[in-house]
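So, here come the structures, one by one.
Paired with chain B in one complex and with chain C in the other, chain A is shared by the two complexes that follow.
What follows is the complex of A and B.
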């Protein structure tokens, strides 16, 4: 039986990041979550498997902490969870991540379709699906909002700048989906409970033969601080505040 | 030679990328897969234009062949216009070359065989500076560099073998439902603080008084469907740079605010004094929008 593999990334919740006045970033209170876009990749995997009856799995690469993500990932439907947990993930760029994922995919028997999101919610670099496709030398179709799968043949609709493009491709291949086509449902209690019993497979970077050295050398990461005037009218009744605002906008030359 | 190689499926963006290379005095070549685009690109100031003739209707199908040429030519930097097709092709080329890539950079410099870049992360909350050895791939959005015009560059044609495993069935233009906000001088933007669809009339009245276009947050376009998707502003929507951006009921999440960073003046109206938008606004009113907006609309009509 063929297997469909959904790739996902365990990211810090951007809502929990705190930017200090010196522009350093405090991540100590940030919780992990499956990148929102990747939930759509898992949902797309389940929708395709419902059409084909194929086996389903998830695959992720992260720090050893990434193990925590498996229950959430598997509560979304896939039968098996593959994971690579290594401290090297801290510094991994898309070069390293795509090599780890492609090498892991080679070890998952019968993988005929890999589904990714366009990008992760932390880096949003949108490199993984095309890079994994290149490393496996499988055809890749990105920006997909709809797929019909019959046997090995996939008809996919892509949403690009100003056009919808319909293409066909045969498996094995890599597909990157846009969230618009695959809104992820919230897993039910039963699905969450059964996720804990699903089989997990840990893979190691060394056994996969991957070089964890990134191509990108990070020079600095700083919080973005907007340099705005912050003249906020809080007190008084609505008409006073409106008068103050209109007068400020006039001074700025915004109303001429 | 072949220091910088440029590709974009939008010729105007390819021309901007030549502007980047010329600003830093690099030798620059443009590649294209379309004879029509090639004739347009010869006037863009590159040292040469190379038409890669592969007879595929899908530009991305040429990635593997192009990676081979980049390797053969000893290209230092492959700079690609950041469009959906461009990002896809660029990342495939980086995959085939096994090299680094910086996506959607806000700043980029190539000096002494090193590429330094800046890009946003976490939906714009963080600015990350990185450095790469060459060869390296980068995608650059439009609006970062000025296009240059030059004397016609020589055009060369090379026959390549595309990867034909993805077949084009059909391509249909997407009808543009919404307004184009990218050049609007004034924008009134709606957020989830506006509770009922009927209340859009209030917003339309305010926009009319300001002669402004209407924008919105992702929730208003995608969850509530009150405003066409082309008009939502933010990291996954449009980026805008109006003189005046006036938001109503917008809390100011970073994914939205990253799309308005280039606005000259940002004004916020929201009832929650602690809403993050007030930290990123030039002027603001803390108050009930249902009381403030009608008064503001009247005052603006009088003021103009």
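What follows is the complex of A and C.
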């Protein structure tokens, strides 16, 4: 039986991040969660599996803390969880992450489709799907909002700037989905309970033969603070107010 | 588990909570979703579609929902704790297969009719009665203040089948009544102070004939099981009161921090505001300890019936006082329904009466104390 693998990232909950006055970011109280966009990837996996009857699995790479994500991921439907937990994930760049994921995918029997989110909710770098596809030498289709599967053929609708594009691709392949079309449902209590009984497979970076040293290193992170102008346009009718707003935005260089 | 409830509340309940309060319409879509998510059979056996979990888990779910839409917990409590508890304790395997599975999934909505127009909760005085005629019972009378009427697919009712023993309450029987039964009349919804959306009203029986196999439990002997299912519902009122108090407190705290008076947040300007919030918070933490301590006793099989009743009393009292003080902190704005804080006080007031009034519960506890049934440990 073919297997569909949903990849996801365990990220810090952005609601728990605190921007200090010096713009440094306090993550000390931040809890982890599955990237919101990646929940859509898992949902897409379940929707495709409902069409094909294929087996389903999740795969994630993160620090040892990522183990906390497994129950949540599996409560969303997939039957098996694969995870690579290593402290090196803390500094991993897109190259390392995609190498680890691609190597792990090679160990999962029958994988014919990998579904990722277009980007993760922390960095939104949009690199993982194309890189994993390249490393596996599989075609990659990005920005997907809808898929129909017939045998090995997938017809996907891509949402691009200003248009929708329909493409077909044969499995094995990698698909990156956008949240639109794959709204993740809330897992019910039965699904949460059964998730704890599903099989888990821990994989190690060494056994996958990956080098965890990143090529790109993050030197610093600074929070972004929105500065409000506190300008309220009150003169004239609605049309005048909109005209004043547009003029002000042009003056600020926000509109050309 | 709690995260599931939090997400449900955040994404689906909160956006329509004020609308349900305003229209008073039974929140059918939310009730259906509660069934899909497993909230209607938390403590029911897995064999019949439940989750087989403990009351502490159920309480955590009820607490979360009560923070946003208390009336949904009323709909759920009447369905799952009252009707579900009775079906689970008294039902035959066939009755459980037919009804309990659909109760857990939410496919059927259940209501429970106990209170009579005469005598309130004193079944000795109730006029509604059932007479066995061949293979059918013929039922006449009324039940009042029944929640989930009109929307319910099945009603569990308590009816006199013989003279009622004032001590043991033997003589009362429970029956399963399908909504389309001839002779069953559903009254209109009562307009109430709070619990808008509970679909509460009167159901009447006029020569209503129901098959003998719709008797739930042994004839004339359902009150012991009823005492247990009522206690379970009273237990749930503790976390419901807690959730309501937490919501009202949080709204008042946030308002006091954002409302600028004399150039500073109201919280910093007025000592009285701080003290009110500290008192509210203290009551909440006291209630939380009482709720989850008592539920731990329940889950360990050590629950005192009196403590189950105390939980409802204290839950309602704390919710009412905290919500009242929250309105006070808001001032005039708190009296405007769009603000959303005053509905917690209205719902808390009904919680202090609906299902069993604080005074009725105190009377029970007082009697137990009088006869040495509830000594200090």
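Here, the second predicted complex is superposed on the first by the 225 of 256 C-alpha atoms of A that agree within 3 Å, B and C clash if a C-alpha of one lies under 4 Å from a C-alpha of the other, contacts with A are read in each partner's own complex, and residues count from 1 in each chain.
Keep this in mind: a residue touches a chain if its C-beta (ideal position, glycine included) is under 8 Å from a C-beta of that chain, and two chains touch if they have at least 3 such contacts.
Since we're looking at a predicted model, the values are computed, not measured.
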{"item": "Touching partner for A:228 - first (chain B), second (chain C), both, neither", "value": "first"}
{"item": "Dominant toucher of chain A (residue count), chain B or chain C", "value": "B"}
{"item": "Partner chain in contact with A:213 - chain B first, chain C second, else both or neither", "value": "neither"}
{"item": "Chain B versus chain C as contact partner of A:190, first or second or both or neither", "value": "second"}
{"item": "Partner chain(s) touched by A:200 [first = chain B, second = chain C, both, neither]", "value": "neither"}
{"item": "Partner chain in contact with A:87 - chain B first, chain C second, else both or neither", "value": "neither"}
{"item": "Touching both chain B and chain C, residues of chain A", "value": "none"}
{"item": "Touch list for chain A against partner chain C, complex", "value": "72, 186-190, 192-193"}
{"item": "Complex contacts: residues of chain A adjacent to chain B", "value": "12, 14, 17, 19, 25, 93-95, 98, 121-135, 137, 139-143, 155, 158-170, 173, 180, 214-224, 226, 228-234, 238-239, 241-243, 245-246, 248-250, 252, 254-255"}
{"item": "Chain A contact footprint on chain B (complex, rising order)", "value": "10, 58, 60, 63-64, 67, 83-85, 87-96, 98-104, 116, 120-133, 136, 163, 165-174, 176, 222, 235, 243-244, 254-255, 257, 261, 265-268, 273, 278-288, 291-292, 295-296, 299-300, 303-304"}
{"item": "Chain C - residues contacting chain A, complex", "value": "1, 3-4, 7-8, 11-12, 36-39, 42, 51, 53, 61"}
